[in-house]
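Following this line, the structures themselves.
Two complexes follow with subunit A in common, the first pairing it with subunit B and the second with subunit C.
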Partner chain A sequence: MTSTQAVAAPPAPRRNESSASWRLTDRLGLAFAWFLGVLFCVITAAIVLYLFVEGIRYLRPSLLVTNPSAGYSESQTGGFFDPLIDTVVIAAMSMAVAVPVGIAIAVWLSEFGRPAPLARVVESTIEMLAGTPSILLALFGTLLFEAPWLGFLSRTSGTVVFGRSFFAAAAMLSLLALPLVVSSVREGLQAIPSHVREASYAVGKTKAATTRRVLLPAARPSVLTGSMLGLGRVIGDTAIVVLLLGNTLTNDPSGSVPILSALRGTGSTLTSYVYYNAPTGDGDQPGKAYAAAFVLLLMVLALNVGVDLIGRRGRDLRWNS
Partner chain B sequence: MEFLTPPPVRRLTGARPEIVRPADSNGNGNGNGNGNGHRAPTFVGGRARVAPATIAIDRMQVEELSVDYGRKRAVSEVSLPIRQGEVLALIGPSGCGKTTLLRSLNRLTELTKTASSQGRITLDDVDIATIEPTALRRRVTMVFQQPNPFPMSVFDNVAYVLREQASRRPKKRALHGAVEEALARAGLLDEVRADLDHPALRLSGGQQQRLCIARALAANPEVLLLDEPCSALDPRSTQVIEDLIVKLREDVAVVIVTHNLQQAFRVADYVAFMYLGEMVEYASASQLFSAPREQRTKDYVSGAFG
Partner chain C sequence: MDDDVLIEEQSPVDPDRRAEFMLGALVCVVVGLVLAMFVFVLHEAWPSFAHNGLRWFGAGGSVDNQISAIYTSGDNATRAVYTFHAWPLIWSTILIVGGAVIVAFVCSLFVAVFIVEFAPEWMRAVLQPVVRLLAMVPSVVYGLIGVLVVVPFINNHLISEHSKASVTPIITLDGYSLLAAVLILAVMIAPLMIAIFVNGLRAVPRGWLEGSLALGINPWRSVWKVGVRTARPALIAGTVLATARGVGEAVMLSMVSGSVGFAPNPADGFVFFFEPSRPIAATIIDNVDQLTSPPMRHTLYALGAVLLFSAAMLSFAGWAAKQPLRRYGVLA
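Presenting the complex of A and B:
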């Protein structure tokens, strides 16, 4: 916020320190670091480019509006309208759980965190969750949602609970996004200087009021960043969707209540669609897989750009610590 | 402490200047001290102050206050009065406990888990330990070293204080008068009248700090605590805020912690010098700077240490 400006003319530009004077090992290290950096850029660019080229070759507008169907040739198997919609639906459902819960946990950890042993347990649980392979969550989900008392969340026949539905998949996917939301929001809260909190207490505000009106608004960029990261994780996950969403070609509602029946039923997302249609999958329609993967890639790229823009926007309005 | 340039002289429009000089000064109103054996620092040479406030009301009384952080004693058996109508400055080297003393006055020290305190502080003859902290902190508000407006509009920063805890009520229209009054008291209204809806963090540093003062005044406190309010600001903003502090002392008791001796000299009526948690000397500003009783005070104000 200070507006000091250099008055004197800048000195003549000087080149950076040259590595010619370095020890040989340091120079080798630098060269190696350069090589690795460039290598990984090339690998990433190759993946994106490959999917771009293949995707554009196979993507037809009609694919976006027709449903998948069983068949043996490109012309018979239809498009991926349902998987596309389901991706959006399942992402929205997971985030509707993960964001509020994640914010609540982060606020508790950062602002309250007492008793301290409990806070430590919560913290390491969240960390463990972040490191859990999603297939384990999926497996646990199949077990959980086949329980009779959760029968109202999926298809049932007699006493047998099918255990696969939008509810089941979204619940498990939200666990994937949760650690990302928690850690991002928590970092955002902890980056707020303590004198800002105290300034609110010092005019007679309670901790609750301070959190709601000062801290959470100040941490909004972190909330958004965490949500975007979590969303990317949810959209990109395959294991949970394959095991818990049923992985049916088209949506298969269960029941007669309009929206509830669809959510109790099964479906598929872009990731499970790609999995199914990949050359090694049951469907074996590589062209369709490439097209769907391309759409998925575009969604994830858009999210990344979103994260970047949000991260940049909140940066200039900060306090000195 | 030799200053190359004399400290700025306060001129308040409409205030009757009262030239305060050390007893043996020879009348040069803006002089750089004098060489005739006087031990006081050179900047005591001359200052134009507004007349002392006509009334001084006892607001707070600190009695034998001691504060510990864990095993470390930060403030040791300090007693002093805080009066409306007078500005009290707490001076002393870093770590001498002046900020801790200040934070004890509205029980902000309680936010530090390891802090414990003995002794008694009263506000209008009521022990502050018996007052609910949020209620106390509305009567004894505080401004911090770093300007810290909340991440909302200029208007909402002040309205936040006036509203019930986290509520958004009363609505804007009902609060408009009170918000403008607080901004006016902090001398900020004319500058921000057109930008009340702009984010407060877009204001300049000096304006942000005055917004923080407006926020602290909005609660209509009896005591205003200032913790080095100018240390992050440029000289121009500092002067504006110092003028403001002197103006405010009629309505609220003002306590200011400062590292800057010149500032203490310019704004304070009474000064408490603290050293290693003890209050070494408490005296009127003119006495403490021109004829300190204690050797340590003398050394500190003349720049021997600190």
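Presenting the complex of A and C:
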């Protein structure tokens, strides 16, 4: 006898009854659903193809290695090497903060989580952070980093702290990626059945050691998925970069210490470069904007494919209960 | 003798307690930072609300003139001007986000039903990566396509010369319009809604749908009357999330909706759809280089506080709308 299940697995391929016997309104509804499904595919294909075509038309390899410069026409304004490097740098900086902090919060929520009211507050805060618009995080960032005691993170002249630097933008971008990392890692940790933990405790391991040696390695696909989703969000964000990175076309270091001065200085990323060069921005060079947007889309596509592959590999792991 | 000592007494600081304490401290710091953010934004926004009172939300005068007056008065602390009536911006946000959510809701519901029940296997395998891809495209890329494709199309093919001439004294109809903003925002928020609706529809117990089919109701009606009805909490959750995303969208809307603080007038007939405007988030990002002037700073933070408040209100409205549905037992 088969037992009834609340939510059954997808059944064997059903043969839906032919819609010829339905009422007219139902058939129209099905046709509308088909139309919308096809429309979505067409819109996506149109966006991707259009960007590919225009991007390949305007993207020359020299653009990837030339620095931007001020000029009047497309041939005088250089390429987008600086924004490209800055995108990578700032993504690395913000993920370097978001991933460890996100894992720590997820571990606390799933393994410890006491006292219970604090756990509820933390969950609500992470959810609130996920729903906060990035422009609001950017406004708060200007407030926070113009405070005198954080002046070492950006340029200072006299008593006025400029407040715009790589540190400022990376800090706020990491807040943007944090909820994605936390929810993904938490799901991964909760999917590990309890007998694995119990086996580890039974041989005398502490909770901390169990987490570090058993649980986190097992949850590695979720950590990777969460990080890549967070990375996608960080690379694609414009508002925080426009407000907090200073919007200088080339990198503008401040101070004399080699790397630290660059990080305390200003710059721009691919997203703010596209925003600047769109017809509504100050630069108004559609060709450069297309080329940069094409590179951005390629990065995001690569991340998307990566998330897909990791998700597929993660699903192949089965816990023998 | 060491053999008689219990394990708990051998190490004075248990590594688990230490780990819990350190992780708990980190968690508290992050939560404190986020809560401090809200408090500080409200604190910085207060002067603008204090000077205007409830008229801050009302209409009165040109928003753009008020903004430049506020900015230029920032040089002199005693003659700082705070007068600001934000209704055109609020109305623009309501129109654009409301329109986009309505369009996206209808389309996403049909597509979600299609993906879960009626699409053939090959179509489902195409649609799911497509939806995920649309969700991951950066908003500045949507804005670029909007500016370079949608806006010229509307300008050249949809707005007639007669319409342009009829509004010349007040505004210019050049394609940066409500229609472009609503359409592109709908495409941006639809993937989010589709993903949540699909999860909600998949959580409907199979037996309920099969019972309806067994009674002789055709699959289309079964899914709509039983499945979609049961998945209402997921529909609400998806709509709330998509609305919050739409309200906070600054970059794409600043590129596409026009940069005029104008309140579109529905009484204008078809011209209404082509009128430019500027929602709240786009206003903030357009005026970002004016943060140096203190009154302007307070005004921009006040706009940010309105965004914050609306995101909180949306969450609360979603929670309140889900309460009567709890007795069904199938929550998103």
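Just so we're on the same page, the second predicted complex is superposed on the first by the 285 of 321 C-alpha atoms of A that agree within 3 Å, B and C clash if a C-alpha of one lies under 4 Å from a C-alpha of the other, contacts with A are read in each partner's own complex, and residues count from 1 in each chain.
The working rule: a contact is a pair of C-beta atoms (placed from the backbone, for glycine too) under 8 Å apart; a residue touches a chain by one contact, two chains touch by 3 or more.
Because the structure is a prediction, the values reported are computed rather than measured.
Chemist: Quick check for you: in the superposed arrangement, does A:116 touch first (subunit B), second (subunit C), both or neither?
Modeler: In the superposed model, A:116 contacts neither subunit B nor subunit C.
Chemist: Of the two partner chains, subunit B (first) and subunit C (second), which one does A:218 touch, if any: first, second, both, or neither?
Modeler: first
Chemist: Quick check for you: in the superposed arrangement, does A:143 touch first (subunit B), second (subunit C), both or neither?
Modeler: second
Chemist: Which partner does A:274 contact after superposing on A: first (subunit B), second (subunit C), both, neither?
Modeler: So A:274 only meets subunit C here.
Chemist: Let me test your reading of the model: by the given contact rule, A:193 touches which partner, first (subunit B), second (subunit C), both or neither?
Modeler: Only subunit B is touched by A:193; subunit C is not.
Chemist: Is A:203 touching the first partner subunit B, the second partner subunit C, both, or neither of them?
Modeler: Only subunit B; A:203 stays clear of subunit C.
Chemist: Considering only the touch criterion stated at the top, classify A:133 as touching first (subunit B), second (subunit C), both, or neither.
Modeler: The second partner, subunit C, only.
Chemist: Between subunit B and subunit C, pick out the one touching the greater number of residues of subunit A.
Modeler: Counting contacted residues of subunit A, the larger count belongs to C.
Chemist: Should A:24 be classified as contacting the first partner (subunit B), the second (subunit C), both, or neither?
Modeler: It touches nothing on subunit B or subunit C.
Chemist: Does the superposition put A:259 against subunit B (first), subunit C (second), both, or neither?
Modeler: In the superposition, A:259 touches no partner, neither subunit B nor subunit C.
Chemist: Return the residues of subunit A at which the contacts from subunit B and from subunit C coincide.
Modeler: 206, 208-209
Chemist: Write out the stretch or stretches of subunit B touching subunit A in their complex.
Modeler: Spelled out, the residues of subunit B in touch with subunit A are 106, 108, 111, 133-138, 141-142, 144-148, 150-152, 160-161, 165-166, 199, 201-202, 204-205, 208, 212, 215-216, 218-219, 225, 232, 234.
Chemist: Taking the touch rule as given, give the residues of subunit C at its contact with subunit A in the complex, in rising order.
Modeler: Residues of subunit C touching subunit A: 14-16, 18-20, 23-24, 26-28, 30-31, 33-35, 37, 40-41, 44, 107, 110-111, 113-115, 118-119, 121, 123, 126-127, 129-134, 136-141, 143-145, 147-149, 187, 190, 203, 205-207, 218-221, 224, 241, 244-245, 247-251, 254-255, 259, 281, 284-285, 288, 291, 300-301, 304, 307-308, 311-312, 315.
Chemist: Touching residues of subunit A toward subunit B in the complex: what are they?
Modeler: 1-3, 193, 195-196, 198-206, 208-209, 212-214, 217-218, 220, 317-321
Chemist: Residues of subunit A touching subunit C in their complex?
Modeler: It is residues 4-8, 11, 13, 16-17, 19, 21-23, 26, 29-30, 32-34, 36-37, 40-41, 43-44, 47-48, 50-51, 101, 104-105, 107-109, 112, 114, 118, 121-122, 125, 128-129, 131-137, 139-140, 142-144, 175, 178, 206-209, 211, 232, 235-239, 242-243, 271, 274-275, 278-280, 286, 289-290, 293, 296-297, 300-301, 303-304, 308 of subunit A that touch subunit C.
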